Amino acid sequence: MIKVGIIGATGYAGQELVRILQQHKEAHILWYGSKSYSGKKYCEVYQNMFQLIPDRCLDEDMQKLAEQADVIFTATPQGYCASIMKEEILSNTKIIDLSADFRLKDAAVYEDWYGMRHKCPQFIGEAVYGLPEINREAVQKARLIANPGCYPTCSILTIAPLLKEGFIAPDSIIIDAKSGTSGAGRGAKVTNLYCEVNENIKAYGVATHRHTPEIEEQLSLAAGRPLAINFTPHLIPMNRGILVTAYASLTKAVTYEEVKAVYDRYYDKEYFVRVLEKEVYPETRWVEGSNFVDINFKIDHRTNRIIMLGAMDNLVKGAAGQAVQNMNLMFGLDEKEGLQLVPMFP
Amino acid sequence: MIKVGIIGATGYAGQELVRILQQHKEAHILWYGSKSYSGKKYCEVYQNMFQLIPDRCLDEDMQKLAEQADVIFTATPQGYCASIMKEEILSNTKIIDLSADFRLKDAAVYEDWYGMRHKCPQFIGEAVYGLPEINREAVQKARLIANPGCYPTCSILTIAPLLKEGFIAPDSIIIDAKSGTSGAGRGAKVTNLYCEVNENIKAYGVATHRHTPEIEEQLSLAAGRPLAINFTPHLIPMNRGILVTAYASLTKAVTYEEVKAVYDRYYDKEYFVRVLEKEVYPETRWVEGSNFVDINFKIDHRTNRIIMLGAMDNLVKGAAGQAVQNMNLMFGLDEKEGLQLVPMFP
Amino acid sequence: MIKVGIIGATGYAGQELVRILQQHKEAHILWYGSKSYSGKKYCEVYQNMFQLIPDRCLDEDMQKLAEQADVIFTATPQGYCASIMKEEILSNTKIIDLSADFRLKDAAVYEDWYGMRHKCPQFIGEAVYGLPEINREAVQKARLIANPGCYPTCSILTIAPLLKEGFIAPDSIIIDAKSGTSGAGRGAKVTNLYCEVNENIKAYGVATHRHTPEIEEQLSLAAGRPLAINFTPHLIPMNRGILVTAYASLTKAVTYEEVKAVYDRYYDKEYFVRVLEKEVYPETRWVEGSNFVDINFKIDHRTNRIIMLGAMDNLVKGAAGQAVQNMNLMFGLDEKEGLQLVPMFP
Amino acid sequence: MIKVGIIGATGYAGQELVRILQQHKEAHILWYGSKSYSGKKYCEVYQNMFQLIPDRCLDEDMQKLAEQADVIFTATPQGYCASIMKEEILSNTKIIDLSADFRLKDAAVYEDWYGMRHKCPQFIGEAVYGLPEINREAVQKARLIANPGCYPTCSILTIAPLLKEGFIAPDSIIIDAKSGTSGAGRGAKVTNLYCEVNENIKAYGVATHRHTPEIEEQLSLAAGRPLAINFTPHLIPMNRGILVTAYASLTKAVTYEEVKAVYDRYYDKEYFVRVLEKEVYPETRWVEGSNFVDINFKIDHRTNRIIMLGAMDNLVKGAAGQAVQNMNLMFGLDEKEGLQLVPMFP
């Protein structure tokens, strides 16, 4: 039984970790860390857990937790994980960080986009970008996982194969992304109130969203050279789900079958990536509650562009589910353990 | 492995059965019956099942199915199950009927409220009202289960204990119920279109809803004498969930502790019924996706009435989950098998 | 041109006042008071007003405002209006208070339910309860209007006629009410976040909601004797709208026609109250954005009870629209001026 | 008083016409045409109109209507208007067609994208594309108006100025659009049911949507040469609103001020187009219920692209409001008559 600690257990991603781990056969949560609710029963914060979780929230004493836990998930604001990281912790336990602190390999880029100094650049090199479909082997051996952002996970899995195979022009990529509101977190802000989000759609972080350099770094690796993208996220009046609609120029004339063959080659053996059938496009409702990413594409011969679409649950494959997938790999378990969640509809 | 057939597998309740049985260790679905989609792949009708269910929908040949299946769920319109029921079927297989055909013990009442002749009154006597928390032993021995309606399940579990103990006046009961839109089914009707339901609340079936006699029959059994209630359902702009707000006059002066003791006595050992803590009231979000019913109450000394509240997922405890709970009992399995679903929030 | 000041112009009710008065021919807003946004452009707080309102928000200097304005609307938290009220203000201007400060005639009841001392009991006697359909003449002569609460407006208009005519038993009234989320205000609280409200229904303030004594006071006046009710509000995942479902025991055998005749007698000449046709029940979508209250009823002979239903827009007839209706009466204008808003659907 | 007939008065766009014309001082509706509800009271189909509209729906006898009405709005399915159009009608009355029948100047393109033969190509030349901000003078003189599609209205107004000024490369345009569900109409289809749309986002008509050639034709006129675009619409779980996020490559280095100056030049005198302030991006909630289009942009120097955003109410500026704007122009009225609707929030 893996002993698990969670720092930030009362945010939406933290709670989703709890939900998933509740149904995991090999993991046991021993530490529900929460700065805001320390001392309170976890099920008073999340009443769905009533009679399922008797534990109380604990503070966020990382030092103490590292001595008890086999793995710690940090579902915390940017900067926290970097601020407490040190060899002493990593030699005692494994860390899966759901924040962005260790995702970017260049601390200067981090500081530029996140507007804060990186407190712990010495571990950036060691940290593994935890996208199993791309970095499986490195994940298995890692002590410190940078769990990918929600938009990056969906964008990278949707676009990388065609980029790697040279089917699309690296500098032509435009990503128009849409997310449910749970991605905005549980903080009490006017902009996230029901009446402000309901019956509305808006773009935000236009040309400035922090997930941009993360997507660029990973797509650059796929392309084999640096690239820059346009990335525009939108807020959708729904709880869960991300849809990525990506556009790129084709580098040559290709058929549906040729493109399909590429996707199949990359994802045939990937349980969590479902390449849909012809003319069936991803919709967030079909992946809700699950760790699946649904992907498909359409060639537009009129403009010589390809439209690539991907959908997933931002809290599962986009956060907690992927974190558990990483944990499974790090501990030599079946990668799917606890994650064979059937999407819930409606 | 229990061989399961589903008639009406492409309605919302049918699909929820499929979702739950996918995660059930002792059951295997061999027949996805669907009149509308016969011949089509099940996962084309419900894309969430892509790569999970390769089967195609079959017609609704009950005769043939009865020879192959250990149990058949009928998630079909009123009248269908009664129209095909016969000894030949029941001697071959077990039936769990999610329609109302065998719920009422008096065929005349059925015909009155449902406006159709009962095609098979001879099996009404044998049919067991499948509310395990009340009829567990009878369920275990049944061949034919009348799976309770969604509103009745929530209403009965919320009200029955106090009625049975004589705390409330039988003829004072008023049930004001609210349901998500999945309860209206997947039929293409203008009144169920997104723009008609969204940003709206309405009562429907005022003083005429068909679940009224079902609730009355079961509450009469609890009271030990006939009673009549007021029951008003409302349609809420959300997918899942039922909330019942019930009012009744107290028969005597009682304290919070006395009432709580009654609920605890009835439900302490019931895994799926959660009596909440003082001043915490049921909300549908905390049970979504699970088989739980959350219950609580408030005494109003000013009016000498008690307000009893219950919440559950209409597609799970109100339909498919309860049906699987009944199946587990009928086949001697752990009643919770496949049903330890953690409520999904948000 | 009536010079209007608004204190609390940046809450939802305040903004609805602004929207309505923008389309009012005889009124001009000269003071957009806002504690939180003082100094900021109004249209930065409510971007819908871009290029429509160039004004900046001002502080809440009541004294100064009273010298400039013909009428002041206070859309402020409980206690504020009472804390600043004095003869000096009322001799300079008229006040329409959208808070509860002057609604209850008994300061002790106010202090009991609102949990605060009433700062200005000397004006309670003078204040007129601003429900024009009931108090029209008094409103016309008033200096200080207590604008009714949203739930009370809908409940009283729905129930009062039958109570006044002795058709229903005063102590049998149960009001089960449902409201959209704008009723909860624009304060940044976790419980009002999109993901907490969406896909959920809950009761709140069970047996303790502050609108209870307000409804009781007005219904007692209608009944001609004191009465107590049960009142349970519920939060619905929609922006606007209140639906009241009220239950009462009939005092005698009555027909549909007799009851209909009562409602017609009270409301035939009331433009803003629409008594619907037989078997057509109120739905919030049909009144959204308008000052209408839609009402209907159903007699249940089985239980000898009547179900009375009312629907309205909580921000219009339940707050800002009714406030403007009161203003029109106080200034001798056509009561409908600025309020002939066609309900917007979908 | 302009005598107005509406064919297709019971669809969502038809009903919005009715709502707007109810508040129009110079127009009177004498014909509520509806194939589905002929003979039924209009307010039974749209209960919001109870006590506001006593009329019954009439059939769709265009011939007869043309003799009575000064103007006829056809809010009908594709193909209908072309199928009944003839000189006899146009010499009697004016036609504002909300369908796509006369929007495209090339019948072959129409037939290609709409998959039906054009029944009346002889009037294509005469028909004026009714986008007043671009074709004001032609509209004033027209007998037959092709009222623009919702996506095209928003896309063209957002993009055309920069294209006309040569700031963006014609073949680089990608339009990612999002629409509320009222755009899908009131037809009873499974895909538009509440539970299918709610908690979901999907793309549809990927690379095949019929509004593509309409946008291309108008943008080609702006560019002065033919161009092809990518256009991907998405369905959003909300009632009203369209957001267009458009991407294009800049043809030269430009500053924020230079681009802003272009937009201001085109729209400074356009009441219905609001160019927002720097860093404030369009959101559908701020235009709901109004005839406004809100526009803004962001230069991304990293990719040398510009992101142009536009938001409007699809039923108002995207359909009925624009149709009334055209009517006002055709009859020499103030263009804003009946259209100074303040956006309703929340």
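We just call them A, B, C and D in the order they show up, numbering each chain from 1.
Going forward, contacts are C-beta pairs under 8 Å (C-beta built on N, C-alpha and C of every residue); 3 or more make two chains touch, one makes a residue touch a chain.
Please read all numbers here as calculations on a predicted model, not as lab measurements.
Number of steps on the shortest path from subunit A to subunit D, with steps defined by chain touch: 1. For chain pairs B-D and C-D, the one joined by more C-beta pairs in contact is C-D. The distance from the centre of subunit C to the centre of subunit D, each centre being the mean of the chain's C-alpha atoms, comes to 37 Å. The distance from the centre of subunit B to the centre of subunit D, each centre being the mean of the chain's C-alpha atoms, comes to 46 Å. In subunit B, the positions touching at least two other chains are 12, 182, 195-196, 198-199, 237-240, 283, 285, 288, 346.
Those residues of subunit B that touch subunit D in the complex are listed here as 12, 181-182, 186, 188-190, 192-199, 237-239. Remark: subunit B residues 171, 174, 176, 178, 180, 195-196, 198-204, 206-207, 228-230, 232, 234, 236-241, 243, 245, 247, 281-285, 288, 298-300, 302-303, 305, 307, 309, 346 touch subunit C in the complex.
On the subunit B side of its complex with subunit A, the touching residues are 12, 15, 19, 22-23, 46-52, 182, 199, 239-240, 274, 276, 280, 283, 285-290, 294, 340, 342-346.
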